[in-house]
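After this come two complexes, each holding chain A, first together with chain B and then together with chain C.
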Partner chain A sequence: MRRLFSTQWAPLLAATAVAGIVLGLATKQFGTAFNIYTILQTTAIYAAIGLSQMVVLAIADMSLAVGGIAGLVTIAVGGLYGVQHWPIGAAIVAGLVLGLVCGLVNGLIIAEMDLSGFIVTLATGTAFTGIAYGVTSAIPYSNIPPVLVSLGQGRASFFSYLLVPAIAMSIAVGAGFRWLPIGRAILAVGGNREAALLAGIRHKRAMLVAHALSGLLAAIAAVMYIGVLESATPATGSEWLIISFAVPIIGGTALVGGDAPAAGCFVAALVLAAINDVLIVLNVNTEAVQMAEGLLIFAAVMSGKLAQSVGRASPGRGRPLRSAGSLGP
Partner chain B sequence: MTSEQAPPDVRETTPAAFALEDVWKSFGGVTALSGASLRLRPREIHALIGENGAGKSTLINIATGVHRPERGRILMHGREVHFATPGAAAEHGVSVVHQERNLVRKFSLAENLLLGRQPLTGGVVSYGKMAAEARPWLERVGLHLDPLAEASSLSPGQAQLLEIAKALSRRCEVLLLDEPTSSITEAEFEHLRVILTELCNGGTSIVFVSHKLEEVYSLCSRITVLRDGRNILNDVPVAAVSQEEIVRAMVGRHIELFAAGGRRNARAGAPRLELRNVSTEFGHRGLDLTIRRGEIVGLYGLVGAGRTELARSIIGLGRITGGEIVVNGKPARIRNPYDALRHHRIGYVSEDRKDEGLILRHSISRNVGITVWQRIERWMGWISDQRTRPSVEPPLQHLNVKMQRISQPAGSLSGGNQQKVSAAKWIAAEAELLIFDEPTVGIDVAAKDAMHRLIVELVENGSAILLISSDLREVVQLADRILVMGDFRLLAEIANSGEYAPISELVMLTITKATRDVEAAAA
Partner chain C sequence: MKRSIQSRRGRLATRLFATAVLGLGVAAMAAGMVAPAVAATTLPKSKIKIALVPGGPNVYFAPWAEAAKAASKALGVTVSYVVPPTPTFQPSVEMSTVDSLVAKGYNAFAIFPDGEASIVPLYNRLKARGIPIIDLAGCTSDPTPAVLCFGTNVEASAKYQTEVLTRAMGGKGKIGFLTGLLTDANTVLREQGVKAGVAETNGAVELAQIVSNIDSPSAAPPAVESLLASKGSELTGMLATDYYPSVAAASILSKNAQFRHILFIGQDNDPTVMSALLSHAIYGTMLQNPYGQGIVAAHLLYKMLADGCTVNPNAPFTKMGNTSRFINSGYLFVSQDLAKQYSGTMASIPAVTNQVLGETDKILSCP
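After this line comes the complex of A and B, so read on.
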C-alpha cells in the first residue's frame, strides 16, 4: 500500500479526484452519471492509445505509426464487415492480426536495419494512413456492427463498457512487463542495451516483440473506437499522436527507456479525459483543451523531476541504499 | 623461474584450458591485433598487461564472442571453438567482467546478476527465487545488501563488485576480468584476491587485466604483455620478470617513473578554498578543510565514504546545508558548476569520464573548448573552431594526447587519452583550483605517469589541487597532506612524509578505528 502512494502518478490521481469532487458539487453537469460515463469512455480509448506507445518507449524507441495502424485497422474491420460481409468476429480478428503485422513490419525494419523507430515509423505510419485513404477513397463505412456500438456506447450508469477491455489491457501489459521474461528483456534492452546484449538477451527479438505488441494494442484501440464513433473512417488515428505520447509520459514513462508503468498510463488517461471533459463542460474552447494538455505534460515531467530530487540527492550518487523499497518496473 | 612451473615440454603436450592463437583483427583499416596470443592453463590466474590501445580489450572481445577474429583460432582444451555471440561464449563457460559498468540501473541487484536467465516459476519471473539465488553471490563479493534494491543506488565501487558477482554466478570455467580493480580500494582488492584465489583453486582459469603491477605480483602466476597488437612477453612466469621489465615491455622503452617525493609543502601559499563546519545534503557533517595555493591535498577513503559527493557539493551539484565555503578569503555561494568555474575558477575532473567528463561523440577540440566558449564567444554568441584552437591546442600538446586529428571524436581515443582530454579541458579553462576525482582509474602506467606529472606541474604553477583517489600509493606519492574520509566525516589529517609503509599503516588504522567506533556505537 505504501508503494502505491509513493508512485509518481499517485499525487496526480489524488489531485484529479479532489478537483472532480469540487467540480461535481460546483456544477450541475459534471457530476452526472452520463458525464462520468463520457469521461470513462474517453479514458478507455486514451489508455489503449497510450499503452500502444508505452510498450515501445519501454525499449527506448518510439512509434509515430500508432495512428496510422489504427486508421488501417479501422477501415479493414469496417470494410470486411460492411462490404465483404464477414462475420463480425472474423472481421475483428482480421483487424487485430493486421495491426500486429503492421507492428511486426516496423519492428523488423528497425531491428534488422538498425534504424531508429522515429524515422521508420514516420515513414510506415504515413504509408498506412495513405493506404487507408486510398482503399476507401476517403469515404467512411457507416454500416457498423451493433456489437461494437454497444461496446463503445454501452454503459451501466456511469460505467462505460469500454473500461473492461482497457483495464484488461493495462493489467495484461503491466503484468507482462513485470513477470514475463520477454517483458523483462524489453525493459533490460531499454534500460541498458549494452548490458542486455552482453547478458545474451536477443535484443532484435525484444525490439520486434515491442513493436508488434504496439501494433496489436493500436488495433485494439481502433476496434474500441469504431463503436464510439459509429463509423469506420480512415481519419481514425489522425489525431492520436500527441495523446499517444502524453498518456505514457504523464503516467511516468521515461523517454530514455527502461520502464513501463501501465497503471500510471491508465491514471494519466483518466486525468487527460477528465480535463478534456471539464473544459467542455465549462464551455472553454477546444484550443484551450490542447493547451491544458501541453501544460499537463510539462507539469508531469516537472513533478517527476521534483520527486527525484526529493527522493535522492542526485541520480545514483546519494548515500548508498537509503531505501530498498522501490524495485522492478 | 620457480620450481612449480611446468617445464616447457610438458606444457606443449597438456592442452591449455583456453587459448587464443595468432589472432588478427582490424577495425576500419586500423590494425588492433596482429598475431596476438593468449594461453591459459587450468587453475591459473594469468595477467594480461598492456598500454591503453595495445589491443587487450579487442583480445578480450574476441575471447568472449563480441568480435570475430579475421585470422587465428580459439581453442578450449585443445579443440577449436567459434563464438558467434557473447551468449555462445557464455555457454562454453567463458565469462567476462568489462571495465565499463554494464548494469540496468532500474533493475534490482538480483535481476542484474541473473539478467537474461531470471528464474521462472511456471513461465513467469519469480522475484522471490531471484533474490534467494542472487544473495549468496552478492555476499561472496561482500555486497551485504537487499538483493531487490535498485542497482541505481550503488556506488561505482559497489557496481563493480556486482559485475564480478554476476560473472561468478555464471559458474564459468574461464573468467576474464578487464580491470576489475580500477575503482575499488586496497581493502576491497584484498577481499577480491581471496575470492579469486578460491575460485582458481576450484578449477576456474582467470585472466586478470590491470594497470596496477603490485596486484599482478600478488595475484597472478603468469603474464602476457601486449604492445601494438603483438605479444611482447608471451606467457612467462610473473616471478621471472621484474616490474621494470614489464613496464619496458609495455611501453617499448625504459621510462623513469615519476616520484614527487621531495616537493613537500614547497610553496604553499594563501588559502584558496576553505570549508568551515560545512554540512551537505548528502549527509556530510562538520567538515573543516583548507586547500592552499601550490598545494596538493589528498582525499582518501573507502568507496562510499562521501568523497565524490563532497567534490560535487563544492562545485554546486549538491546543496550545502550548513557552514561556510570561503574562496580566496571571501565567503562564496557556489550554485552550480558554471558559477564554480566562471566566478571562482574551480574545476572538477570527474571520475566517470564516459558519462560526465566527455561528450564522446563530439570532437576533441569541442570537448576541450567547452570550458572556454564563454570567454571567446563573439557577437551574438558565435564561436568557431578556429577561435578555440589557440586555447585548445597547447594543453593537448602538452599532455601528449595521441590523436590523428583534433577533429576526431573523443570516443575514438583510448581510455588514457580520454582522461587526458578531460583534464586538458580544465587546463584550457585556466582553473585555479582543480578537483581531480580518481584521475588515473583505468589508465596505463605511462598515461598515469603523465597525469601525475601534470598534477605536480599545475601546483607548481600556483594552482591548488584536491586529489580524490582510492589508490593510496598515488595519494602518498603526490599529496602534501592526506585527509582521510569515512562515512561522510573527515577522520584525520595526516602530514605526508612520502614513505608509503608508515603512512598507509596510519591511514588504514584511522579507517579501521572509525569503523570499529561506529560498530561499537551501533551495538
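After this line comes the complex of A and C, so read on.
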C-alpha cells in the first residue's frame, strides 16, 4: 500500500477521485452511469494510445507514427471486412499484423541505420497516412461489423466494454516490462544505453521490439476505435499525436527512457478523459481542453523535476526517483 | 565630361527603373484588385485543361472526382480532380500542388481555398498568367482574383436547418449545437445562421450549448456523449453542421434509446447518418451539392477558355460576408420520408445544378 502511494500518479489519481466526488455532488449529471461510461470509454482509448507511445519512450526514443499506423490499420480492417468480405476475425488479425509490421519497419530502420526515431517515424508516419488516404480517396468504410460496434459502444451500466482490452493491454505491458527479459532489456537500454551495451544487452533487438510493440498497440487502439465512431476513416489517428505523448508523460514516463509505468498511463488517460468530459458537462469552451492538457503536462514535468531534486537532496533514501521531465541522467 | 555622361546615364537608368517599378505596380494592382474578368481569348479544346483542387483529402470533396470525369466526358476537354497531399489543409501544400499543375499545362482552376487570405498570392500569380480561378465550396475575401465563389450558403443552410428543427420541436425547447472550429470562417457563418434561426422563436427556443472544435473522428464521439450525459434530459433538439459530429451523433442516438426524445438533424449523407435516418433514430439531415459544384465550375471555366467569356458583373450574385460574387450551390433537408432516395448515393442536388447551368448566360458575358 505504501508503495502504491509513493508512485508519481497516486496524487493525480487521488486529486481526480476527490474532484470526481465533488463534481458528482455538485452536478447531478456528472455521476450518472452514462456519463461515467463516457469517461471510461475515452479512458480506454487514451490508455491504448498512450501505451503505444510509452513503450518507445521507455527506450528513450519516440514514435510520431502512432497516428499514421492507426489510420492505415483502420482502413485495412474496414476495407478487408467491408469490401473484400473477409471474416471480421481475419480482418482484425490482418490489421494487427499490419500494425506490427509497420512498427517493425520503424524499428529496423532506426536500429540498423542508427537514426533518430523522431526523423524516421515522422517520415514513415506521414507515408502511412498518405497510403491510407490514397487507398480510400478519403472516403470512410461504413460497413462496420456489429461486434466492433458492440465493443466500441457497448456497456454494462457505467462499464465500457472497451475497458477490457485496455486493462488487458496495461497489465500485459506492465508485466512484460517487469518480468520478461526483453522488457527489462528495453528499460536498461532506455535508462543507460552505454551501460546496457557493456552488460551485453543487444540494444538493436530491444529497439526493434519496442517499435514493433508500439505498432501493435497502435493497431489495437485503432481496432478499438472503429466501433466508437462506427466508421473506418483514414482520418483516424490524425489527432492522436498530442494525446500519445500527454498520457505517458502525465502518467510518469521519463522522457529520457528507463521507465514504463503502465498503471500511470491508465491513470493519466482517466484524468484527461475526465477533463474532456467535465468541460462539456460544465459548458466550458472545448478549446479549454487543450489548455488543460498543456497545463497538466507542465505540472507533470515540474513535479518530476521536484521529485528529482528531493531525491538528490536525500542520498540516504536509496533508489533515486525517476520521473517525467527528468532531463539529466 | 566623362563624369557628366556617367551622371546622365545614371539619371536615365534611375528614371527607367522608376518607370518600370511604377508600371509593374500598376500592373500588379490591375491584376490583383480590379476587374475579376480573365481569359478574353479563346482556346481549342485540346489546349483546355481544367483542375478541381480540394483543400486536401476529405470525404466531402469525393463527388468532385466523379464530377470531373462527367464534365470531361461532356465537354471533351481535360478535367482533373487533384487532391493536395495535406490532410491538415496546409495552404503551402495546396499552393505547390497548383503550381505543379500550372507547370503541367493546366490553365483553369476551381479551388477550395486553404486559408482565405494566404492563398491569394497564388491567385494573383495565376491571374497574371491569364488563368481563371473559381473559388469552390469556400470563398476568398474581396478584393480577390477569383472570378466568383460557388459553394453552399452555409449561413442560410444552418438557419434553415434550425428553422426545420424548431418547427419539429413545436416551437419551444432547448437545442444543442455541434460544430467545427469556431475560428473557421464557415463555422462562424453557421453559428450566425443557427443563432438567427433560434432568434426567430422570440426566446421560446433556447440555444442551450454550443460544442465546438469537434469535427474530427477522435473528438466528436466523446463530446457528443458528454453533451448527452449532461444535457440529454433537458434537450429537445440537437443539430450538427459538420461531418464527424453528425456521424457520431447518429451512431450514438441509434444505440441509446434513452435519448430518442431529442430530435437531431445532421449534416451530409454518410451511410451511418442515413442508416440512423432510415431507422427513425434521427429526424433528418442536410444535404449539400458537391457533385454539382464540380460540374458547374468545370462548365463555367470551359466557357471562359473555349468561348472567351468573362464574368458578368451584373450576374445574379449573392453578397456574402467576405465576397460580393457568391452563387449558392444549394442545400436540401432530407427527412425520414426522403431517406431511401438519398441513401447510398453521391451528394448531389440535380435541380440546383441544372438551374445554375441554365443561368450560365446570366453569369457569364460571352462575345
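Assume the second predicted complex is superposed on the first by the 309 of 329 C-alpha atoms of A that agree within 3 Å, B and C clash if a C-alpha of one lies under 4 Å from a C-alpha of the other, contacts with A are read in each partner's own complex, and residues count from 1 in each chain.
One rule holds in what follows: a contact is a pair of C-beta atoms (placed from the backbone, for glycine too) under 8 Å apart; a residue touches a chain by one contact, two chains touch by 3 or more.
Remember, it's a predicted structure, so these values are computed and weren't measured experimentally.
Contact with chain B, but none with chain C, is seen for A:Leu197 once the two complexes are overlaid on the shared chain. By the touch criterion defined above, A:Ala26 lies against neither chain B nor chain C after alignment on the C-alpha atoms of chain A.
Annotation for chain A, partner touching more residues between chain B and chain C: C. In the superposed model, A:Ala188 lies in contact with chain B only, and not with chain C. Using the contact criterion defined above for the overlaid structures, shared-chain residue A:Val149 touches chain C, although it does not reach chain B. In the superposition on chain A, contact of A:Trp179 is made with chain B only, not with chain C. In the superposition on chain A, contact of A:Asp259 is made with chain B only, not with chain C. By the touch criterion defined above, A:Leu229 lies against chain C but remains apart from chain B after alignment on the C-alpha atoms of chain A. No residue of chain A lies at the contact with chain B in one complex and also at the contact with chain C in the other.
Those residues of chain B that touch chain A in the shared complex are 66, 85-87, 90, 96, 98, 100, 102-108, 111-112, 115-118, 120, 123-125, 127, 145-146, 148-150, 152-155, 158, 281-283, 304, 306, 308-309, 312, 317-319, 488. Across the complex, chain A meets chain C through its residues 27, 29-30, 32, 34-35, 37-38, 41-42, 45, 129-130, 133, 137-140, 142-143, 149, 153, 225, 228-231, 233-240, 243, 273, 276-277, 280-281, 283, 285-287. Listed in rising order, the residues of chain A touching chain B in the complex are 178-181, 184-185, 187-188, 191-192, 194-201, 258-259, 312-322, 324, 326-329.
Residue ranges of chain C in contact with chain A, taken from their complex: 57-59, 61-62, 65, 83, 85, 87-88, 182, 209, 211-214, 216-223, 225-232, 244, 247-248, 251-252, 255-256, 258, 270-272.
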